[in-house]
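Scrolling down, you'll hit the structures one after another.
The same subunit A turns up in both complexes below, where it pairs with subunit B and then with subunit C.
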Partner chain A sequence: MRELKDRFMAFSSLVAMILALIPILSLLAVTLVEGAWRISPSFLINEPAPPGQGGGIGNAIQGTFMMIVVAAAIGISVGICSGIYMAEYSQKSHILEIFTDVMAGVPSIILGLVVFLILVRFIGFSALAGGVALSLIMIPIVARSTEEALKEVPNDVREAAAALGIPKWKAILYINLRAAEDGIKSGLLLSTARALGEAAPLLFTAFGSQFYSGINLLQPASSMSLVIYTYGSSPWQDWRGMAWGTALLLLLITAFMSVFSRRRSR
Partner chain B sequence: MKLVLEKVNAWIGKKQILYDVNLEIEERKVTAVMGPSGCGKTTLLRVINRMHEEVRGAKVSGTVLLDGEDVYRMPASIVRRRIGMIFQKPNPFPNMSIFENVAIGLKLSGVRDKELIRRKVKEALEAASLWDEVKDDLDRPGTALSGGQQQRLCIARALAVEPEVILMDEPTSALDPIATRRLEELIRNLSKNYTVVIVTHNVQQAARVSDYTAFIYEGRILEFNSTAELLKRPKNKLTESFITGRFEMLREVG
Partner chain C sequence: MDPMKLISLLSSIFILLFIFIAFFSLLFSSGESISKFGLRFLTSAEWDPNTGRFGALPAIAGTAITTAISVLIASIIGIGTAVYISGGYSPYWVRRVVNPLIDSLAAVPSVVIGLWGLLFLSPLLESAYSLISSSLGFIPIFGGPARGVSLMTASIILSIMIIPTIASLSSSAIEMVPIELKEGARALGATRWETLRIVTLPYASSYIASSILLAIARAMGETMAVTMVIGNSHDIPRSLFQPGCTITSVIASEFLEATSSLYLSSLMELGLILLAISLLVNIVAVLIRRGFYARA
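Up next, the complex of A and B:
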């Protein structure tokens, strides 16, 4: 009887597992079939063209890159510092943790609205505003992963540093962060992957664009996620096809980052 | 006297751990602090290099003099650089090579001269009798060494910043008998150049490594003498019962 129950349990978890894999695998399959043949050098380099005339997503790739650089610069520095504060200084870190978790749970489109109200109204639609909106997504993820990685550093290590006469701030920067390096790095990669795929917070901030914006951060910019959104919902078949190609590209980048971050955290 | 403790009392929260401890520690000798677990040995050690105050709710009164200077009137980081500490469990810094583990104290205290750092690391590893075993793989992580080697690495790390006193808190409790024997030899050697204070609950260890022994019980020093004298002719009944191993029995009878 007991063995039967055990088998039933194993069987039902297997079924659930397969059910969970179906959407993931079908997503991969469809994206590959629809997207793979669109990816070509001109697709990766050119600006968008009117329907039926080819064109590419070069400016969106560049825009994504610029915004990720802005988002990472803000998100990583603010996030790591917050994580350090929660893990090493705060006596009431559980309250801060609740705030951080709430922030991580705020729908990303609302973050975009907030940035629209406090930034876009003054500097206009721009890559900078888009980057700021994406950084708001990264901050809580980076902060929590940094905090958790630091809390896993054994107290022995802090004691050893203190006993060497090393001031606390130096010990945190040069010893504790180093001991927590793997956990922090995987948090950084995961949060960057998250920000890469977000379109909603960019609608009111980066706005999207048909052209290369150069390195001017104050120009509206396109991103790969925005291309998927606008082209995917367009009535022209070749634009929808370009959305698939972009989707595949984005999927590959984020999958690569996830795998890479997992290997690092081992 | 290298270290003098006068009327030292220590608390953690409301609980008093040490009561009016007076102790004089001679330069370049090994002084053992011996006693049953929970008697305040570790706290006594941590009061000396001001690590006690790292614990929340910790308080101290009385004076601790290092070369006649009150350590509680010096910056804690200076005190700890002059008085190094070795812990029960070896605790090398994770994600750092053997070399970096020893060099970090120097680097973080502002030494930039790479050649000087390399030389000091070598000297520290030699003094900790670890150099011959690791000289060819200084780039390996410190945590990859065996337990005994890790503890000697921690000693090298402490020696690199050139302390005058080394405090050891049951440094062999996590080691096997062979590694323990090696470390005890090392402690004897270190006392040629350093003042060593070692906490132990092991009578044989005190006998093997120390010149002086203090017997501490329930936060009070009951007896302090040269190790030979204290072990041969203990004056206090509790000391005697601890030495002869009848202590637990006695305590149970109460």
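Up next, the complex of A and C:
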């Protein structure tokens, strides 16, 4: 009887695991089948067109790129600095850790609302505002991974640097950060991949656009994630097709980045 | 003064301040709605931009219903998966194959899951719902005309998105239980399941609970996928198979249409409610998890 119960639990937990795997396998297969044949050079370059006239997501790719550059510039500098403070300077780092973890848990749409209130109302819908909103997603992830990577660095290294009379900031910059490099880089890649796929914070900040915006950061911009949302919810077959193509592209990019980051962190 | 200490301190202060900036900017911008509706905002089901009456009940109820159903489904499947992977039931290679797949589900952007849910899953579910409502329609929550975009579809999509959170955190919790305890129980003749039930799961329970809280916070705040599959209707739903709305879906789908300042302010108040609840849940989850680390 006890053996039987054990067998039964083994079986039901196996069923649970299979149920957990069905959605991801189905999602990958469907996106591949629906999306693969839509990706073509003109799809990657052109601006969107009315339903039935082809068109592409070139401006969305460009917009995504611009916003990620802004987000990374802010997110990486603030995130790494804050990670350094928690690992190297702070006596009470646990309070900062709690705040950082809580910031990471703020729903991304709220980040969009906040950036709308403190930035968009003054400078308008723009790629810059979109990038700032995405940076707020990256900051806590980068900060925590930097902190953890720095705390892995043995204390002997710090003491050796101090014994040689190196100022603390120089030791951090040239020695500790170098030693923690792999962990930090993997956090950067992971947070960038997260920011790439986010659409909710962009709705009221970058707004979306049908055209190339040049390199003007103060113009509204489109992103791949926004394209998936607006075209996927549209009633037209070929717009939905474009959403599938974009989804596949986004999946490939984020998968590539997370595989790369896992190789780094090993 | 150490220059790096100054710069890094400023960054940390930014993180400390951000939560307050977010909270107070939302609070001030929802002032008009708060002073006009007061507490009635929480209990009124009326949402009519034309007459300028706004009540959050359908959105709050929608968030509560979808979060509850999705966390229920995801806890069963997620903890089950963790038990299979880390509870001594599976050979090692299963873990090597399954863990990356679960992690990759966590990395799929929310809009992509929404696209799959809207265009692939919801037509499939619609026929399943019709079957259920024609046979079990006498039960109120399953009655009425079944729609593919509905509260139930949103709950299922949400559960798919939070399964990785629960599964991977629970399985690391199970692995963190000291091996002496597990082997001790096995040596005393307990079966694998008895070891789990009597030793491993109770020991890991606080960490598993914090993973469920994190999942609740994620489910409440999840926006894009839910907005795409829930149908965005402000009617109080009579059945799980009908369209509804959540706090996030209302904000996402109506914000850019909000023409009057009262409308905008009501949406900001919805955001404020969501932020307040998710801060609370997150803080509790983080504190529980830290308590577990301190013990383990």
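The criterion applied here is as follows: the second predicted complex is superposed on the first by the 249 of 266 C-alpha atoms of A that agree within 3 Å, B and C clash if a C-alpha of one lies under 4 Å from a C-alpha of the other, contacts with A are read in each partner's own complex, and residues count from 1 in each chain.
By definition in this document, a contact is a pair of C-beta atoms (placed from the backbone, for glycine too) under 8 Å apart; a residue touches a chain by one contact, two chains touch by 3 or more.
Keep in mind it's a predicted model, so treat the numbers as computed, not measured.
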Looking at A:233 after the superposition, I want to know if it touches subunit B, subunit C, both of them or none. Which is it: first, second, both, neither? second
Is subunit A touched at more residues by subunit B or by subunit C? C
Partner chain(s) touched by A:153 [first = subunit B, second = subunit C, both, neither]: first
After the superposition on A, what does A:39 contact: first (subunit B), second (subunit C), both or neither? neither
Can A:175 be said to touch subunit B (first), subunit C (second), both, or neither? first
Given the touch rule stated above, what does A:252 touch, subunit B (first), subunit C (second), both, or neither? neither
Which partner chains sit in contact with A:167 here, subunit B, subunit C, both or neither? Use first/second/both/neither. both
Residue overlap on subunit A between the subunit B contact set and the subunit C contact set? 167
Residues of subunit B touching subunit A in their complex? 49, 51, 54, 76-81, 84-85, 87, 89, 91-96, 104-105, 107-109, 154, 157-158, 161
The residues of subunit A that touch subunit B in their complex are 153-154, 156-157, 159-167, 170-171, 174-175, 178-179, 181-182
Residues on subunit C engaged by subunit A in the complex (per definition of touch): 2-5, 7-12, 14-16, 18-19, 21-22, 25-26, 29, 76-81, 83-85, 87, 89-90, 98, 101-105, 107-116, 118-120, 160, 163, 167, 191-194, 196, 214, 217-218, 220-224, 227-228, 248, 251-252, 255-256, 268, 271, 274-275, 278-279, 281-283, 285-287, 290
In their shared complex, subunit C is touched by residues of subunit A numbered 2-3, 5-6, 9-10, 12-17, 19-21, 23-27, 30-31, 34, 77-79, 81-82, 84-86, 88-90, 94, 96, 98-103, 105-111, 113-114, 117-118, 136, 139-140, 143, 167-169, 172-173, 193, 196-200, 203-204, 207, 225, 228-229, 232-233, 240, 243-244, 247, 250-251, 254-255, 258
